[in-house]
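Okay, got some structures for you below.
One chain, subunit A, links the two complexes that follow: it is found with subunit B in the first and with subunit C in the second.
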Partner chain A sequence: MSVRSAPSVWRDPVALLAAPAVLYLLVVYAFPLFWLLMKSFTGPAGPTVQPYVAFMADPFNWRVIGNTLRVAAWVTLVCFLIGYPAAFALARAGAFVQIVMLVSIILPLSIGAVVKAFAWQIVLRRDGVVSQLLLGLGIWDEPQRLLFTETGLVLGAANIFLPFMILPIYSVVKLIDPRLSEAGATLGATPLYRFAHVTLPLTLPGVVSGIAFVFSMSVSMFVIPSLLIGDRFQTLSTLTGRSFLLMRNEQLGSTTAVILLVLAVSIVVGSTWLARRMGGSTT
Partner chain B sequence: MTKPRITARTAAGFNRRALLAAAGAATAALAAPRILRAQGKELVIGGAASHKNFVETIIGPAVEKKFNCKIVFEGSRSLVNLEKMQKNKDKQYLSVVMMDDPVMIPAVAEGLLDPITTAKVPNMAALKPGTVHMDGMWVNYLQPWLGIAYNPKAMKTAPTSWADAYDPKYKGRVILPSLQNTEGLANLFMAAFLATGKPMPEAQKDIDAAFKKLVTIKPNLLTAYTQMPQAYNLLEQGEGFMISSAISQVAMERKVGGAPVDIAVPKEGIFAMPSGVALVKGGPQPELAAGYINEMIGPEVQAKLSTATYSLPTNKDTPVPPGAPTGVTIHGIDWKFVADNRADWVKRWDRDMSM
Partner chain C sequence: MTAIERFTRWFVWAMAGFTVVFLMTPLIVTVAVSFGSSTVFTLPPPDWSTRWYERLANMRGLLPALVVSLQVAAISTAAAMVLGTLCAIALVRGRFPGRETISTFLVSPLMLPGLVIGIAMLQGFKAMGLRDVYASLLVAHVVITLPYVVRTVVGALSLLDFSLIDAARTLGCSYPAALMRVLVPALAPAFLTSGMFAFLASMDNYPISIFFTDAWTKTLPIQMLQYVEERPDPTIAAISTGLVLLAIVALIIGDRLVGLRKLADF
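What follows is the complex of A and B.
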C-alpha cells in the first residue's frame, strides 16, 4: 500500500494541500497523545502494565466505566430518537421554515456548555418547568428531584449534543431522491417496508456519523456531568480530570484517559463496521 | 501618582514576564530614566485569583508607600503557584507566595520555602497561637471561617448545629462541598466529632467514624459540588436550603450583594480556613519580601483586610471586625495529616458517597 500511495502524492500534488492539517494534527494531537500513552505504560522502574492491572482490579472502577458507557448510550439514543425525525422535517421543509429551523439548531451551538448546564439547572429544579408540567399532567403527585440524577444528566447532555445528530442525518436526507420511495410505493411496498428497505439504508451513513459524533462527545464530556450530576457520579473523564488537576497523579490520569479513548474508539469503529454490514457501503 | 503601579497577571503571565519586563525596561530607559531608578525595586507575589482585589487595594498600596517599590501580583491558584516554584527552582522570580495551607506542605517538603523569623518579620511576634506553622515555614495572614450557609427565605430558623444537615426534614436539600474542595474537609471532621464525642483534635483523626456518620447524610443530599458558584446558585434559587461548610467570605459577599444567603455559626464551633503566606527560597529582593509579609500581618493592614474579607485577623492586637463571630470555638485542621491522607479519603468518599 505504502509503496503505491507514496508516489501518487507526487503524481497528484493536490494531496499536498493536506500538509498543513497533517502537520497541525501531528504537533497538537498525535504527539501529546503518544506522550499520554507512554506515560500510562511507564512506571518508576521502566515499562509496566501495572497501572491498568490496578485500575481493573478495583470493582469501583468498573462501576465508573459502566456509568460512562451507560450515560453515553442513553444520550446517543435520545439524540437519535429526537434527531432522526427532526432531520427529515428539516430536509423536507420549505425554504423559510428550513432557515428558521437551521438557525434554531445551529445558534445554540454558540452558547457554551456551562451556560446551558446552568439553564438546565433552572429547568430541572423542583419548581422548574419539567416538574410543573409533570405535576400538571398528573404524572407526578408531588415534586421530585430531577436535578443531579442520571435522567437529568441524559436530558441535559442530549440537548447539548442534539445538533451533532441532526446535521449529519439532514445532510444525507437532503440528497435522497423522494421519488425512490414513491417508486417503491408504486411497486406495492408498504410504508414500513419502504422505510426499512429504501429510506433507512440510504440515511445510514448520516446516522452512523451522527452516532459517532454524539457518542464520542458524550462518552468524554466533563463539564456537563460535573455541573448536572456532581461529584457523586464519577465517569472516566471526571476521574481523569481529577487525577491531573487535584490528585496530581499523572499516571492514573493517563491510564483512565487511555481506557476512555480505547473504549470510545472501539465502540465507534465497531458500530460503523456493524452498520456497513447491515446496510451495505456507508461511504 | 495617578499611574497605577500594581500590575496583575494571569496564570500564564510568567511566560510573558521576561518579554514584558524587557519591553517595559526598554521603554522606561528611553523615556524616563529617573523613574526607572526610583521604581527599580519590583516584588512579584504569587497568589490566588480571589486575592487580587485585596492585594491591589489594601496590602499593595501600603507596602509600596512604605518601601517605594512596585508590587506585581500574579493571581492563579495555590497549586499553580507551587508549580511555578517547582519549575523555577534554580532561578525563582516569585518572592512571596500566598497559598492554602495544604499546598504549603509539599512546598516545604521540596525545599521551596525560606523560614520566616521575628528577626526578618517583627510583626510575627503578634500572631495568634496556631497561626505559625512548621517553625515559621509559613504564617497565616487571615482566617476565613467555615460555618453553614443557608437561604433565609427557605429556612425560617437558621441552622444552629452541624447536626442539622442530617435532619430528615431537609431531605434532598443539603449541599455539601466535595472532599476535593478544601472546605469539604470540615464535614468529615465534624462528622467524626458528632459521632465520637471526642475533642476535635482527637476526633479528626478518626476518619473511619467520620465516614460511617457521613454516609447517613446521603438521603439529604441535593449534590456534592466541586464548583462553588453552582452551589450558591442552587442555594439562592431555593433548590438547596443549606451549604454545610461554607466559606465565610464567599457567603458574606453574596449576602452583602443582596442575595438570600446568610451564614450561621453552629454551636459546635467553626473551622478556621487559614490562608498562608510564605517566603520563596532564593526569590529576588528577600528583604523587601519580608517587609511585605511584615506589613501584611501588621495591625493596620490586618484591620482593613479582615473587614474587607469578612474573616478573622491573625494579629492578636487587631480587633475582630463587626459581624464576625466572637466567643465561639475555632477548630484548627491538622494539615500535615490531611496532606498525608487526602488521596485515600477522596477514594473512600467516591465509593461511600456515590449515588
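What follows is the complex of A and C.
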C-alpha cells in the first residue's frame, strides 16, 4: 500500500466496474425506499407528521407494536438458549457429528418460509407431533392445539430462524483455542469463572450478530405469522402487508412500513457498532 | 472432572441432538405427509401412497407458477452474476474511497424487511412508470439475488492471487485469454455456489414477489400460499417435497464444490 492518498473514483478505472450494479440498486431499490419515506411524510397540504401522530394515538397500534417486539424477543431468547450450546457442540464435534449438524442447519436455510411454515401448521395441530410428544412425556394430560397461539408462533419462528443464531456464534467459537480455558483451570479458575471471564467475552461478537439477525428477522417476518397465528394477531409486518394487500389503505401501510424500516435499520446499525466495539476490546 | 463440567458437557450434547431433530422436523414431516394416504395430515400416516403426487398434474395454476418462478430465478440470477461479479472486481481491486459503503449498500437488501422493500418498489416502480408485472418481478428479483453474488464473489476474489493473471500474460496469453484461463476457473466454485443460493432465494421469495402478482403472473410460493389458504391438503406437502429435493441437490453440489464448512461461513 502506498502512503499517498487514495486516488479519486475518477482516476481509478476499475471503479467503473462497480457502476452498473450501484446505479441499478440506486434506481430500483434506494430510490423506491427514499420515495416511500418521503411519501409517508407528505400530506395533501405539504409536509406532515400527521399519519404518525394518528398511528401513535390509536391504542390498537400500540398493541401491534407490543405484539411485534414481544414475539421477536421470545423467538430470539429461544434461539439463543438452543443455539449457544449448539454452536459449541458444532465447533467441538467430531467429523461425523459435525456433518450431521451442518446438514441439518444449512439444508433448512435453502428452503422457503412458505414450505416450513406449512410444515409447522401440521406439527402444531391438536394431533400434531408436539402435542403427541408432550402427551407421551406426561407433560400434558390431553392433546392441545398450539396452532394459532402465540406459543406456536414463537416455536415455529424459532425453528426457522435458529440457523441464523447458530452460524454466527459458531464462526467465533471455532476460533477460540480450547487451551485458553484449560490454562484458566491450571491457574485455579472455577468452571463458572472461566466461562464468565474467558469464553463468554470471546463469543460476544457472534452472540451480538446472531441476536441481531434473529431479532430483526422476527420483527419483519410476514409469512410465518400469517400461517401460524392468523389475522386476529397483528404485528407491524402483517399489518403493513394487510393494509396494502387487503385493506388498500396505503397511508397506514406506508406509515407502518417506515416504522418497520427504521426498526430494522437501527437493529443492524446498532449491532454492527456494538460488535465492532467488542471486537476492538478483545484484541 | 467436576460435576459442573460433566453437566455442561451433557447439556451441550443434549442441545446439539435436540437442534438436529428440531431443525429436521419440518422437512421430515413434509415428506412423510406427502407420501401418506391420509387427507388430514395424520402422523405417522396410516398407509403410504403416491396419490398426492398424482394429483399434482391436475392442480390448477401450479405449472404456470412453477414456470414463472424458474424463469424469474434463472434470468435474475444471470443478471445478478454479471452485475455482481463486475462490482466485486471493482471492490477488491479498486483503490477508491467508499468501497466499504458500496459493499454494505449492495448486501443491504438481505438485511432489510422484504415486505418494506416490496412496498417501496411497488410505489417506486409506479412512480417511474413501470407497470408490467412480469418485468417488475424480474427487476425486483435482481435486487434479491445480487447480494448473494456480491458477498460470495468478493470473498473468493480477496483470496485470489492476481499476479497469476500477469504471469499468464508474461507467458504469452492475451489479456482476455488470461482472464478466461485464470480468473474464470478460480472463480468457478464461487459462481456456482452463489448462483445456486441466489437462485433458491429467488425461488423461495414471498414478501417481495407478492406485490408483483396478478391473475396471470404468480410465483410458486405465492401460488402455494394461496393453496394453503383455500384448501390445505397433502398436495402442498408434495410440492414442498419437490422443493426440499431441489435444496438437497443444491447442498450436495455445494458440498462437492466448496465443502459444507465453507457454506456455513457467516
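Everything that follows uses one rule, which is that the second predicted complex is superposed on the first by the 234 of 283 C-alpha atoms of A that agree within 3 Å, B and C clash if a C-alpha of one lies under 4 Å from a C-alpha of the other, contacts with A are read in each partner's own complex, and residues count from 1 in each chain.
As a convention for this text, a residue touches a chain if its C-beta (ideal position, glycine included) is under 8 Å from a C-beta of that chain, and two chains touch if they have at least 3 such contacts.
All figures in this text were calculated on a predicted structure; none of them were measured in a lab.
Asker: Touching A:Pro85, do we find subunit B (first), subunit C (second), both, or neither?
Answerer: The answer is second: A:Pro85 touches subunit C but not subunit B.
Asker: In the overlaid three-chain picture, which partner chain does A:Gln121 touch, first (subunit B) or second (subunit C), both, or neither?
Answerer: both
Asker: Scan A:Arg145 for contacts with subunit B and subunit C and give back first, second, both or neither.
Answerer: first
Asker: If we overlay the two complexes on their shared chain A, which of subunit B and subunit C does A:Leu227 touch? Say first, second, both or neither.
Answerer: both
Asker: Look at the residues of subunit A and decide whether subunit B or subunit C touches more of them.
Answerer: C
Asker: I'd like to know which partner A:Trp74 touches here: subunit B for first, subunit C for second, both or neither.
Answerer: Neither partner.
Asker: First (subunit B), second (subunit C), both or neither: which does A:Met247 touch?
Answerer: first
Asker: Taking the superposition on A as described, I'd like to know which of subunit B and subunit C A:Pro168 touches: first, second, both or neither.
Answerer: second
Asker: Show me the subunit A residues, by the header's touch rule, that subunit B contacts in one structure and subunit C contacts in the other.
Answerer: Residues common to the subunit A contacts of subunit C and of subunit B are 118, 121-122, 125, 127, 226-227, 245, listed in rising order.
Asker: Write out the stretch or stretches of subunit A touching subunit C in their complex.
Answerer: Within the complex, subunit A contacts subunit C at residues 6-9, 12, 14-18, 20-22, 24-25, 27-33, 35-36, 39, 82-83, 85-86, 88-90, 92-93, 97-108, 110-116, 118-123, 125, 127-129, 132, 159, 162-163, 166-168, 170-171, 190-192, 209, 216, 219-220, 222-223, 226-227, 237, 240-241, 244-245, 250, 253-254, 257-258, 260-261, 264-265, 268.
Asker: Touching residues of subunit B toward subunit A in the complex: what are they?
Answerer: Of all residues in subunit B, those touching subunit A are 79, 172, 178, 180, 221-227, 230, 233-234, 237-239, 343, 346, 350-351, 353-355.
Asker: If you look only at subunit C, which of its residues touch subunit A in the complex?
Answerer: 2, 4-5, 8, 11-13, 15-16, 18-20, 22-27, 29-30, 33, 41-43, 83-84, 86-87, 89-91, 93-98, 102, 105-106, 109, 111-117, 119-125, 127-128, 139-140, 142-143, 146, 150, 197, 200, 203-207, 210-211, 221, 224-225, 228, 232, 236-237, 240, 243-244, 247-248, 250-251, 260-261, 263-266
Asker: Okay, in this complex, where on subunit A does subunit B touch?
Answerer: Listed in rising order, the residues are 60, 63, 118, 121-122, 125-127, 145, 147-150, 226-227, 229-234, 242, 245-249.
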